[in-house]
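Pasting the structures in now, so scroll down.
Look for chain A in each of the two complexes below; its partner is chain B in the first and chain C in the second.
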Partner chain A sequence: MERSNHDRKIHVVICSGTTCYLMGAAELFGIEKALEESLASRISIEGSPCMNLCKGGSYGKAPFVKVNDTLIATATVPKVIEEIRRQAAM
Partner chain B sequence: MLYNNNATHIRRELLVKLASLAFEGTLREKIDRVPLEMIPKGQPSVRCCIHHDRAVIKYRLLAMMGFAIEKETDELRPLSSYAEEALTRTAVEDPLLTVIDEACSACVQSHYFVTNACKGCVARPCVLNCPKKAIQMVNGQARIDPSLCVNCGLCQKVCPYHAIVKVPVPCEEACPVGAISKDPQGKEHIDFTTCIYCGKCMSECPFGAIMERSQMLDVIRALQSGNRIVALVAPAIPGQFPGDYPQLVTALKMLGFTDVYEVAQGADETIEREAEELVERIHKGEPFMTTSCCPAYTRCAHIHIPELKPYISTTKSPMLYTAEQVKQQTPESFIVFIGPCVAKKEEALRSGVVDFVLNTEELGALLVAKEIDVPHCEPASILNTPSAAAKSFPIVGKVSQAVWEKVKEQEKGVQVRPLVVDGIDRQNLKILRQAVKTKPDGNLIEVMACQGGCVAGPTTISKPMVAVKKIEDWIRKSTVRMNAPQEETTAVGVRS
Partner chain C sequence: MQTFIEVDHYQCPKGNHRMEGDAFLSKKLLPENRVIAVLSDGLGSGVKAGVLSTLTATMAITCVAGDIPIERTAQIINQTLPICSERRIRYATFTIVDIGRNKEVRVLEYDNPPYILMRGGEVVEVPKSHVRLPARYGRKNRIYVSEFVACPGDRIVVFSDGVVQSGMGTAAMPLGWGMEGVKSFLREVVGREYTLSARELAHTLVQKSLWNDALEAKDDITCGVMYFRNPRRTLVLTGPPFAPERDKELVSIFSSYKGKKIICGGTTATIVARELKKKVRVCLKNLDPEVPPPSEMEGADLVTEGILTLGKAAEFLTREVQRPVSTSSGKNAAHLLVEHLLNSDIVDFVVGTRINEAHQDPSMPMELEIRRNIVKRIAHLLEERYLKEVNIQFI
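Presenting the complex of A and B:
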């Protein structure tokens, strides 16, 4: 039987290259504290080495965050939370 | 706090752009375009229109090139002309903070305001308690007459519905010494005779109107000069970047620094001498001594609590000891202090040994402009790293602890009772004033202007909790295997 989507883990990867870190990634660690317990327990947060998305500008601007497969450019606390909620509701 | 400050984001983006142009050598040609690139046509404006937004960007760039906005005489003078001056000047000058009047929103004078939550109750404690009879009922709700109100706040305290709010002026609220106030147009001005350079107004202004006058361009020029440039890295810095400290040392060398010293080295000397001084003072029967390493605190005491002066340790700060050691070994060195502090800039300017100061964000901008990713750098091998106690200086409580432990080690008979004043605000200033009058419980008082210590300094990038953890990691790594080759090079990011 397929697992219910509501148990599916949400994996948040925060790029921690120097550029992303300076441009706001440093503020994103601890983001789970802004979520209610039932949702916070479903997400895992991890820092990643530079994902090389900042070079050239074709992916947008730093900081970059991936919520499962969705890439967020110029990531902010509200943007990341919105995406987490969107995926949680799927 | 969990939020991204857009003003911070814009400032960092601009610092990176400025650093890139300066490294490329195209600052004069390209800087006039930066406000247009940052705020392109068609983009929604934050202020009244894109032209105002662009004007603010222009003034931010002026401050980042080291100029005081207050000194502008010709509004038509282009950024390129300022760039020319910045790239040829031979000295940096104070004051080190500047207010962008175009960005200052001239917040309404701090006042109390009755919101719609007012029920116009029968009890009316606000009306009855107001000592100035400034509150009347209008259309079933309380209304404060601003011409009578003296901002005592009693009405807010007594309202059973919490319907009365204080509308503050954030910079004035943040300033512990009342050094920032409005001019007749409502724009803020800093009185530099009383300012202690704690940087709190700068951090708190939601419009980002208060800026440091940066020395970043001067540092870039020094790095390109071929001279011997030495970086003095404050002990707070290992907590501010991804990757670990040995990797940051390599990154600094890639930027062009000839040598990198930990300011914790000077902190070891501070601990030694401050412990000696404390024992001497206790033997003389003095009631207490305060630490002296926080420059915002010592300046604050000198200007605002002069009666405290005799109790401040005369031991020099870690920055000064480290700078003196470097100058002694290599007198030809240019010294650049790197830290999260505004007040250190002022201390450096007066010191005569430190040439320039770079803050944490500015160092970040240099690294990004040069595309140097710290976690990808080969870790430098670091010999003779300072003690764990010295490396802990940026964490509140650790300075007094270090001095205390040093005394315990040397003078077993002397009882040290440390006290910590964690952050300079109006309340803690009262406590310090009181300490002079009544004998305090402790005989060693540590004072940190920033609550939490330097890890919470005004230009920090990492959250204080993350910074503390990273500093502790560096302490652990450096004490466990000081000279062994680094095995872990993949320690990236922080899991929280």
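Presenting the complex of A and C:
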């Protein structure tokens, strides 16, 4: 059976808690539009009410995004896209 | 159960005027637990009429609250109103509804269409006496007085002549809708939905009048409703408990509450979801750049983010705008929250006081207020401006 990794869905979770939203999470929800069609169709986006990562600072700073199991702190649209590309190429 | 008095109104200005010439004001006097509402129709329409009616309603509320006899109240109003430059008279109508602690009601009417008392879906006639004013008031020198004790479920409906006269001159109702038309409409609407709120009933009556006028009001149209009903309660959980050991207590307040349930706060929602083993799903439609999206969770009527949404809701409650009644798309979480709060009579806030240290970072924007302060501000607005009963509990 030839089922390549290219079919695998990439799951993006964006935190929409207070700190993350204030620090730019709203913009991250538009990430699908910033991707080319072939990649956009491979990702699924989900919001989280609060990932509980902003407290204490041990995970870095808000906003937080998870691309599958990889956590991105101080997430920006380019940083998240870069991670999606990296995982898509695997 | 204790009866709550819901007071609300809806209005629509004449034709293309931007301001209503009628005024509806209400006030709750907390120590005596007394509610006073006034509908006044000013001479003419537009800004001038609006000033006359607002003056009249304001004076009427103040006088009645001060227990000034009605003859004297009428005199004070009459002597204060300016004389209309075109018609050379001073004139504004009023209907005053004064409701005491034990639901004893006194209604004073001067030249508005008679109020309607609805009891058990039927219109009840209340005997009226009158007070005669001095001769200089001319033909319109009677103030009608009626008194009764309200029963649970009663509705007092007051309206301006724009309602009764709507449709006048049309083939369907050449003489206008008339009192009988209004009464049968009220019976029909209340018969269809027995627990219809004051807010919705006022809105429905004004919309119907506007419809009679082929959607261009021939006069100012105003309706105010006072509804004696079993209170609608709403619980708002916001913030995690100061001591994490009390998470379970918070969740049990949530589970056992009888009424609408709202959670404002990502961490709070996560706690409740964890304890009740539910899933919280963020709605990704209609994203708003300032207000985080609402979520859905089984058992909750609304789940939102905390501080930003509450802050925005306080802002909406501060700006006094004609609130839309119907639900439409394109509303952010703060709009939804305000809708829920305004549709309630009693709001119970349970405020968790644990501080999220990430919010204390000085590089964070100014919008991040302390939760307790925002809740206090919202509570004050709900009590003072919207006559709601509010309880706050800290955990």
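The criterion applied here is as follows: the second predicted complex is superposed on the first by the 87 of 90 C-alpha atoms of A that agree within 3 Å, B and C clash if a C-alpha of one lies under 4 Å from a C-alpha of the other, contacts with A are read in each partner's own complex, and residues count from 1 in each chain.
To be clear about the criterion, a residue touches a chain if its C-beta (ideal position, glycine included) is under 8 Å from a C-beta of that chain, and two chains touch if they have at least 3 such contacts.
All figures in this text were calculated on a predicted structure; none of them were measured in a lab.
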item	value
Partner chain in contact with A:84 - chain B first, chain C second, else both or neither	neither
Partner chain in contact with A:21 - chain B first, chain C second, else both or neither	both
Partner chain in contact with A:12 - chain B first, chain C second, else both or neither	neither
First, second, both or neither for A:48, with chain B first and chain C second	both
Which superposed partner A:56 touches (first chain B, second chain C, both, neither)	second
Touched partner set for A:76, first chain B, second chain C, both or neither	first
Residues of chain A contacting chain B in one complex and chain C in the other	16-19, 21-23, 26-27, 29-30, 45-50, 55
Residues of chain A that touch chain B when the two form their complex	14, 16-19, 21-24, 26-27, 29-31, 33-34, 45-50, 55, 61, 76-77
Chain B to chain A touching residues, read off their complex	2-4, 8-9, 12-13, 16, 241-243, 251, 361, 364-365, 367-368, 371-376, 461-463, 465-466, 490, 492-496
Chain C partner contacts - residues on chain A that touch it in the complex	15-19, 21-23, 25-27, 29-30, 45-50, 52, 54-57, 62
Complex contact set, residues of chain C against chain A	265-267, 269-270, 280-284, 287-290, 292-293, 295, 303, 305-308, 356-359, 364-365, 367-368
